[in-house]
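Across the two complexes that follow, chain A remains constant while its partner is chain B and subsequently chain C.
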Partner chain A sequence: MTLEFKQVEKRVGAETHIYPTDLKLEDGGFNILLGTTLSGKTTMLHLMAGLDRPTSGEVWFNGKNVTRAPVQARNVSMVHQQFINYPNFNVFENIASPLRIQRTPAVEIDKRVAEVAELLNLTPLLKRGPSELSGGQQQRTALARALVKDSDLVLLDEPLANLDYKLREELRDQLPKLFENRGCTVVYATSEPNEALLLGGHTATLHEGQVTQFGETAKIYRRPKDLRSAKVFADPPMNTAPVAKQGDTFVLNDTVSWTAGEQQRGLGDSAYTVGIRPHHITPAARGAGAVPIVGEVLITEFSGSESIIHFRVEGRTWVSQAQGIHPFEIGTQAEFFLDSANCIYFGPDNELVSA
Partner chain B sequence: MKRYKWLAPTFYIVFLMLPIYWLLNMSFKTTNEILGSFTLWPRKFTLENYTTIFTDPTWYNGYFNSLTYVGINTIISVSVALPAAYAFSRYRFLGDKHLFFWLLTNRMAPPAVFALPFFQLYSAVEMFDTHIAVAMAHALFNIPLAVWILEGFMSGVPKELDETAYVDGYSFPRFFIKIFIPVIISGIGVAAFFCFMFSWVELLLAKTLTSVAAKPIAAVMTRTASTSGYELGLLAAAGSLTIIPGAFVIYFVRNYIAKGFALGRV
Partner chain C sequence: MTQKTTHQKAWLLVTPVVVLVAFNALIPLMTVVNYSFQETFGNNIFFWEGTHWFEEVLHSDRFAASLVRQIVFTTIILLIEIPFGVAIALSMPRKGPWVSVCLVMMALPLLIPWNVVGAMWNIFALPDIGLLGKTLNSLGFDYDYTQQPFSAWFTVILMDVWHWTSLVVLLSYAGLSSIPEAYYQAAKIDGASPWAIIRYIELPKMKRVLIIAFLLRFMDSFMIYTEPFVLTGGGPGNATTFLSIDLVKVALGQFDLGPAAAMSLIYFLIILLTCWLFYTLTMKDEAQ
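Our next item is the complex of A and B:
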């Protein structure tokens, strides 16, 4: 089952919400739409579902043009960020509602609802109303409703964003397993790069209404096509800085420079932008490619086993993400190490040249 | 100071109840007693006034007429306001905000303004002195009110609920009846109550647009003298009975109204 966008564009008034997009989603796979708030994730999902019509372009599903088909005629299901259930139905009727519309026989409804309810640990709650459930239970009910009808396309719009931390982890582990072997295409919108990495599958990075890249999640993370994709797919944000290549050396400033790696030997002498992920800048030297850089500590944040340290070098702010607690005094000069082996380089047009 | 804490609420309740007490008091007296002497309770208790109302068609038809046009009006107002309020809450269209405000301005003119045009119009199309005429005249100010109340309740329902229903395969009419109306049922209750109330208490249009066949109780009740002279006891009994439907309706919707106040729309 494939979903294909052919030059799909969405404009509302004078504003462009989605720029002309070509996108072909993987057959029966787990696809992730990654982008910040207002990058157009929800609009994309609406276009996929048929809740919204594209201004121009075509949507194809399974080799059929469904651009004009209303949402009811497409076999899709959707879960929203907010916990949306029918307040006047109990959990059982909520899960059963898509089947009731399809006029499924009552015996089969009972069977299938019981199945998904078991899968999502909702069995003891079937007689309750949605308002008597906790947030996690409400969202599991919504997921159950999406699962019960065997849709071809399942759209998940940040389904875990409103859940608390523990529940989110638990449900995130379950999610890919739930959709395995169902033969449906899943699209999962999220604003968290870490979530995309944990879920795997394929990722489309979305930046201000444009799909900047689409491919295997891990591959995009390792080799972002351009600076925009790299920035979307990095949390905390990727450090970027201009560097100059002189011979076999990359020069950041008077004191910081490093030898180009194997892959960068072929690059011509010119100005580039270097991208370094925060966890490749550490207060302790690691490996052979470690390059010392000294800066003024601005902020340090601790999150359990991790420290995030912001420091300034010549007016540019850098972020380091390191294991363990590193109690730097704010305002002091401190030495950090860049891992030059894990730098990625972008050309003058912000396209990736080497990773 | 603390010992007199009961004083203010007691006075409040006494003053509040005084006119109602006086009305009830009068309704159980004979007209002679009302006119002849000042008595705090009926010296000669009589149910004759109530008996007259329940047996004389000119009296009890007044209640039937009032309840009929109020009922028709409530049904028209709410059923017309439902789709209108849905449009205002869910869709953006040219001039939607202006139109929404203009609806409310319909309530700003006194009904007397419309008495003459309605009277002439209904006479011309031979609808004068019918229940539907009064019901439709009252819709002039009740529909905007119902739209305002319902829009508030509908906007409190997330748009995603509509989307989820469409994705699940609901058609619009089915979604509206099976899902949406049950969700905003308390809003419908509040809107219906206010339509009922404003139509029930409105006298001027109801009086102007009727003569015999659809004469409302308020019009019957406010004639002070009849062929048999002053009938104050009778009028008081009619007034006492007129309070009942309003009290009855408010008892049923009191919880919904509290909800409506919480949403800031009532």
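Our next item is the complex of A and C:
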């Protein structure tokens, strides 16, 4: 079950929604499309499903060119951000609806719906109508509809975005397990980097209609190919700043500099962009590579057990994400520590040179 | 024990509404109630009649005939306008430059004053010089709405369909436009047929606006007066004398204020009861 984009491009009028893209999703995997709103996630899903035709390029599925094949011929299923169910069918009929259209025998329908309903804890609700369900139950029904069909390709378009926090966590835990061993390729669109990390699998980062990188989720998180991918895959946003390499030292400004790590020894003396994730800047020194940096505190936010502190150094805003509560006074000078061992460096064309 | 607090000041705040409703609804209605139980010969002299006028109206063949005509007319109107309106709404474009063109064209009949509609059709359908009447006759149909009851009914119904289907169209179209695109995508992915999309997505999603459309068309057509009055004046004979036309004949033609008042109240109660029944029944499964 491989899905392959060959130079797929989508233009609407003068606007380019998707720039020519090559992408190969391997069989049976859990794939994530990560990008901000309007980055083209939904367009990508529509192109995969066949709801939209590419302006140019080809879509191949299981070694067959399906570019011109209508959506009905592709055996895909999709779950949307809104909770989409047939309004006057009960849960059972909703789950059974794709099978009814395929003219599956009634006995088989009963069996498969019962199976899927059990899997998604919908068994006690089978007789209810969609208007009598909570948001989470409605979305589970929509998921069950996607599952019952035994599609080759399952597309999930931010399915958890409209759910409240608790339900989102619960369903997110279940999702990868639901699709395990089903032999289908799953594509999950999300705008939240943390969600991508929690789900695992493979991730494609999307930036303004371009797939900037595709690979194992953890790998591309650790080694973003370029600055754009790094920015898409970071929440809170990654700190970036120009640095100069002089010998074995990276110089940020007159007071802040650090010794290059072993991987960076080979880099020539030149200007680079350093990227540091917020959780590698902390109010307390950690480890040998800690580099002190002093700035003016702008905002401190507390989210449960962690603090997010924005501070300014020479006109540039930095963000630190630290465990515990750190009540900094706004406007005061405070000392933070960069973890120089976890810095990544981008060259002049914003390509990754060292991580 | 919890103390129930009362805010006397609140009465002050609702007074304007109470006064307004009293003047435009309650007081005129009570006047009619007043007339319906009494006999008057002018000079503000009234004689108590009890339920006499009501009994008279309910036992009169004339009222029964008007009521039957009214029910037949309203039923035909609803059977035509609701499905026809939904069908037009379904076939209208959802986006693009034609949307506004279609909407304006649809709204046009609704913007024409009712007596103008009557006068228009009066001329349009004249068998000797009207475009419609002349055409029908030259096609071999024996058509003359001023002489034949069937022609008169045909014209009144055609006129009402022309005038009011747009309302159903606009309401249905509003209901259709509120269906998220994702529903259509989901149906497409399931492989649902166009008919299944209408039957299982669009119609259920339009249910609420259709109930409103149905109620509005029921009430309006049940109270129809101006257009048939201008077109046929209730004739030929009594063929198109609907309830309100009959009522005006009794009240202003014969000046029988008592029976007319009783008739008005019965008329009003029929509409109120039908609407209430319909609304309660259709909303019952919604509430569950």
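What we mean here is this: the second predicted complex is superposed on the first by the 355 of 355 C-alpha atoms of A that agree within 3 Å, B and C clash if a C-alpha of one lies under 4 Å from a C-alpha of the other, contacts with A are read in each partner's own complex, and residues count from 1 in each chain.
The criterion applied here is as follows: contacts are C-beta pairs under 8 Å (C-beta built on N, C-alpha and C of every residue); 3 or more make two chains touch, one makes a residue touch a chain.
In this text the structure is predicted, and so the values were computed from the model without any measurement.
Taken together through their common chain A, the two structures put chain B and chain C in a clash.
Contacts of A:N88 after superposition: both chain B and chain C are touched. Looking at the shared chain after the overlay, A:T123 reaches neither chain B nor chain C. When the two complexes are overlaid on their common chain A, residue A:I101 makes contact with chain B and with chain C alike. By the touch criterion stated above, A:S270 is placed in contact with neither chain B nor chain C. Applying the stated contact rule after C-alpha superposition, one finds that A:M78 touches each of chain B and chain C. In the superposed model, A:A49 lies in contact with both chain B and chain C. Comparing the two complexes, residues 46, 49, 51, 71-72, 76-78, 80, 82, 84, 86-88, 97-98, 101-102, 145 of chain A contact chain B in one case and chain C in the other. Listed in rising order, the residues of chain A touching chain C in the complex are 46, 49, 51, 71-72, 76-78, 80-82, 84, 86-89, 97-98, 101-102, 131-132, 145. Interface residues of chain C facing chain A in the complex, by the touch rule stated above, are 180, 182-183, 185-186, 188-192, 196, 200-201, 204-205, 286, 288.
Taken together, the chain A residues at the contact with chain B in this complex read 46, 49, 51, 70-72, 76-78, 80, 82, 84, 86-88, 97-98, 101-102, 142, 145, 149, 155. Contact residues of chain B toward chain A in the complex are 158, 160-161, 163-171, 174, 179, 182-183.
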